[in-house]
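Before we start, here is the structure in question, set down as structure tokens.
Lettered A, B, C and D in written order, each chain numbered from 1.
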Amino acid sequence: MNLVTIKYTAKIPKLNHPILIEGLPGIGNVGKLAVEHLIETLKATKFAELYSKDFPPQVFINPDGTIKLVNNEFFYWRAKKKGQHDLVLLTGDYQGLSSQGQYELAESILNVLQKLNVSHMFTLGGYGLGREIKDPKVLFATTDQRFVKETKKYGAVFKKNEPGGGIIGASGLLLGLGKLRGIAGTCFMGETPGYLVDPKSAKAVLKVLTKAVNLKVDYSRLEEKAREIEYIAQQLNEMESMVKEKPEDIRYIG
Amino acid sequence: MNLVTIKYTAKIPKLNHPILIEGLPGIGNVGKLAVEHLIETLKATKFAELYSKDFPPQVFINPDGTIKLVNNEFFYWRAKKKGQHDLVLLTGDYQGLSSQGQYELAESILNVLQKLNVSHMFTLGGYGLGREIKDPKVLFATTDQRFVKETKKYGAVFKKNEPGGGIIGASGLLLGLGKLRGIAGTCFMGETPGYLVDPKSAKAVLKVLTKAVNLKVDYSRLEEKAREIEYIAQQLNEMESMVKEKPEDIRYIG
Amino acid sequence: MNLVTIKYTAKIPKLNHPILIEGLPGIGNVGKLAVEHLIETLKATKFAELYSKDFPPQVFINPDGTIKLVNNEFFYWRAKKKGQHDLVLLTGDYQGLSSQGQYELAESILNVLQKLNVSHMFTLGGYGLGREIKDPKVLFATTDQRFVKETKKYGAVFKKNEPGGGIIGASGLLLGLGKLRGIAGTCFMGETPGYLVDPKSAKAVLKVLTKAVNLKVDYSRLEEKAREIEYIAQQLNEMESMVKEKPEDIRYIG
Amino acid sequence: MNLVTIKYTAKIPKLNHPILIEGLPGIGNVGKLAVEHLIETLKATKFAELYSKDFPPQVFINPDGTIKLVNNEFFYWRAKKKGQHDLVLLTGDYQGLSSQGQYELAESILNVLQKLNVSHMFTLGGYGLGREIKDPKVLFATTDQRFVKETKKYGAVFKKNEPGGGIIGASGLLLGLGKLRGIAGTCFMGETPGYLVDPKSAKAVLKVLTKAVNLKVDYSRLEEKAREIEYIAQQLNEMESMVKEKPEDIRYIG
């Protein structure tokens, strides 16, 4: 077994210059939530699994009692009408644990994408602000300057020096290593507090992305998840303020 | 020397579609205790040693003054009557130190198992609850749904979403990577507090396992160890409650 | 992709036994600041980029919205008059993350240098003292004793047992591994507090280096940066002393 | 460059079934001090340097201003009279940083030893007790039971279950991996507090070793170092007790 193993679980699909949409676990799980929502609502078809020694040595247990070795998974979806593109969708349980593993995983993914003649990549992630956000903006960065103007039209925002630390992980590496191979791409980053998984930010990212790829999707499942998380966040806030109040009470009594 | 080296210390045995029973160090050392007990009581024969650069750079010192490089060891046992299976037993001093090493060790072990025509794997481990347990249950997970019903008959329990983090280490990887190769298997996890080595949990696991492989074993050595550990645990508890009481006394006096 | 990939972005220049000047990130960023200043003021030409899996999995975002995979970069500059040498200049975003990666990066850089017939290396870095310094001295160490006397003439200082821990990272390894290949070199280390980037120490290093390679450079940009940093350092000092004063005030009142 | 590179700095000596004596940095630097003392007093000849990517990326600075890449070094010494053996001596700046590196280094060293027809290995180290010791004993462990009786005659002690954790690092691995290749060896471990370098323990180890290899050496340099360390230890103790006394004084006054 090499560091990365690709297992095709269906015949490799012949797609017409498809576009990649990647969303792996990361801050607020923004990218993963967005791509999983797309896979579900578009009813995309799984065609490959990616296993790696740089993932944790771990199996998950399915609800039926069977095990599943942690992996990443590739799906495809065929364009339904003019103006749309065939899509390749990538999500998974983990990113690589080590720096070197992350590079090798990105290279392996690019190998798959080149076999499929992928013409453009959209990588999705979160941008953690460490504070609550009413209306998350979607930042972007791209491999080529010619995409900048167009991407702004879709509602994505470019702020100089943001994110200050650049993009870390698969969403950045796929663009960086892809550029060296001549594959173009754009990264969308949804602003997120970064404390909890963030379906609201995932929705904001999808709103921009769907304009870019000419799709219409229903957001009701994602909005439901967002309400659940909002409820949890509220309860955590209340618990925290109770904890803060107590010592003051005690001091008052004492 | 490769990352993993297998050294056959006896002629490779010709076994009749044997079953693997694996128990390496882990939480409560449940798996290791169980397999070591089987090896002792069945008087199984060692036939191979596995060395790895992913183990610590360490030798142990035997009671006679000689050294032993840390390793894993393979044993076999031949079925004595109808309805039993030839067994391959695997235990050892360590699991791999790194994630990648754990994957490579599991692959190397699977290579040995395929040479021996192993037909099923039982991997044994602990499931740490972080609290005391009167009567440890034995959870399970398996590579194929067809084993679920049968495994419940042996007394193993399936609880949805438990263990929540899946199975980490050799017991999970052998199943996960084995499944990709078409080797079936089942993991038994004995509930354990996880603070000390846990012969009681190991006995619970063996009770389920021996039904699955149609064996009868004497548990007296394991029960003796369990009594020793219970005594140590009790003493630790007493020491802890003494430490806790003291400051209260002081407060009372003051 | 190997651990290290060199991408030539221009025709490999034919240089006349050039001298390497290396300055990568490190304590006070002394070496990096110095080499970047040289590249700017000499208007050196970039000819190669070095990418490595041992750098962080990260892209930076340029001011125009495009991304840049983190790397190291090689530049060259041709001698303008007699007594000068052709120069190869090396700087970059990161040094290797791991020990082994640092060795491999240094070997890869030496391979490039041998192709270019580099005759001598000057590696630049900082020597952290952990206290403020009025007038930073420049220490040195070299591959061959015959350079010691000459190097002192340029204003560099040799203090026995300093730095006590030797030289860690690229500036040391290029000399150490270079010596094994028969490539000579000298390391200049500018004294620095080590808290902030230190353009003042970088200037001190350049003053020695330019004597060694017979160059004249304008320091106005570097001096401007030094004033900015001095201003920041002053403000940090004031903030710190305010924080220290407060508790005393409170105690006084209480 | 491989993970390990051996550079012969002199013609490979033809030795008559020599004995290896290894002492690399470790607890109390006992092994390193002992072997360095032997090399000095026997005036042994250096014949090889070992470099490794698993050492830190570091050069030391010699007193004459030149640099030295960190390494391990091999020396030899020819027997002077009957009953003595030719010796190969191994010491150095570091052991490997990683577990895997330690295994690879031990394998590379064994390759050199097999070329030299080494017949027995004595590996030297410290056994940290974490408390002061008047008269350090020398423990041992060996590859073969036939050496146990003989080794006790030289004054080495065998205590069951000591050291409890076995032997970690080169001194253990050379024996463990050597045994798999059929090379016999014995490890001597000098008891040491383990806080500071410990020439007293090194002398105790040498007293046993020299009986085993039929050598007489002068210990004056080592005894001098031991007195220096004793003086430093005493001063540290005094400083510590002063620090401890202060708060009591304050409490008394208050």
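Rule of thumb we're sticking to: a residue touches a chain if its C-beta (ideal position, glycine included) is under 8 Å from a C-beta of that chain, and two chains touch if they have at least 3 such contacts.
Bear in mind that the values here come from a model prediction, so they are computed numbers and not experimental data.
> Centre to centre, using CA atoms, which chain is the farthest one from chain C?
B
> Where chain B and chain D touch, do the two copies share over half of their residue numbers, giving same, or under half, giving different?
different
> Please compute the angle of the rotation superposing chain A on chain B (C-alpha atoms), rounded to a multiple of 5 degrees.
Answer in degrees: 90, to the nearest 5.
> Taking each chain's centre as the mean position of its Cα atoms, how many Å separate chain A from chain C?
Comparing mean C-alpha positions, chain C is 37 Å from chain A.
> Using CA atom averages as chain centres, what separation in Å is found between chain B and chain C?
The mean C-alpha positions of chain B and chain C differ by 53 Å.
> Would you please write down the residue numbers of chain B that are in contact with two or more other chains?
Within chain B, no residue contacts more than one other chain.
> Every pair of chains that touch: which are they?
Between chains, contact exists in these pairs: A-B, A-C, B-D, C-D.
> Tell me, which parts of chain B touch chain D in their complex?
On the chain B side, the touching residues are 1, 3, 7, 51, 53-61, 63-70, 97, 101.
> Under the definition above, what is the set of chain A residues touching chain C in their complex?
96, 99-100, 102-104, 106-107, 140-145, 148, 158, 160-163, 165-170, 172-173, 175-177, 179-180, 187
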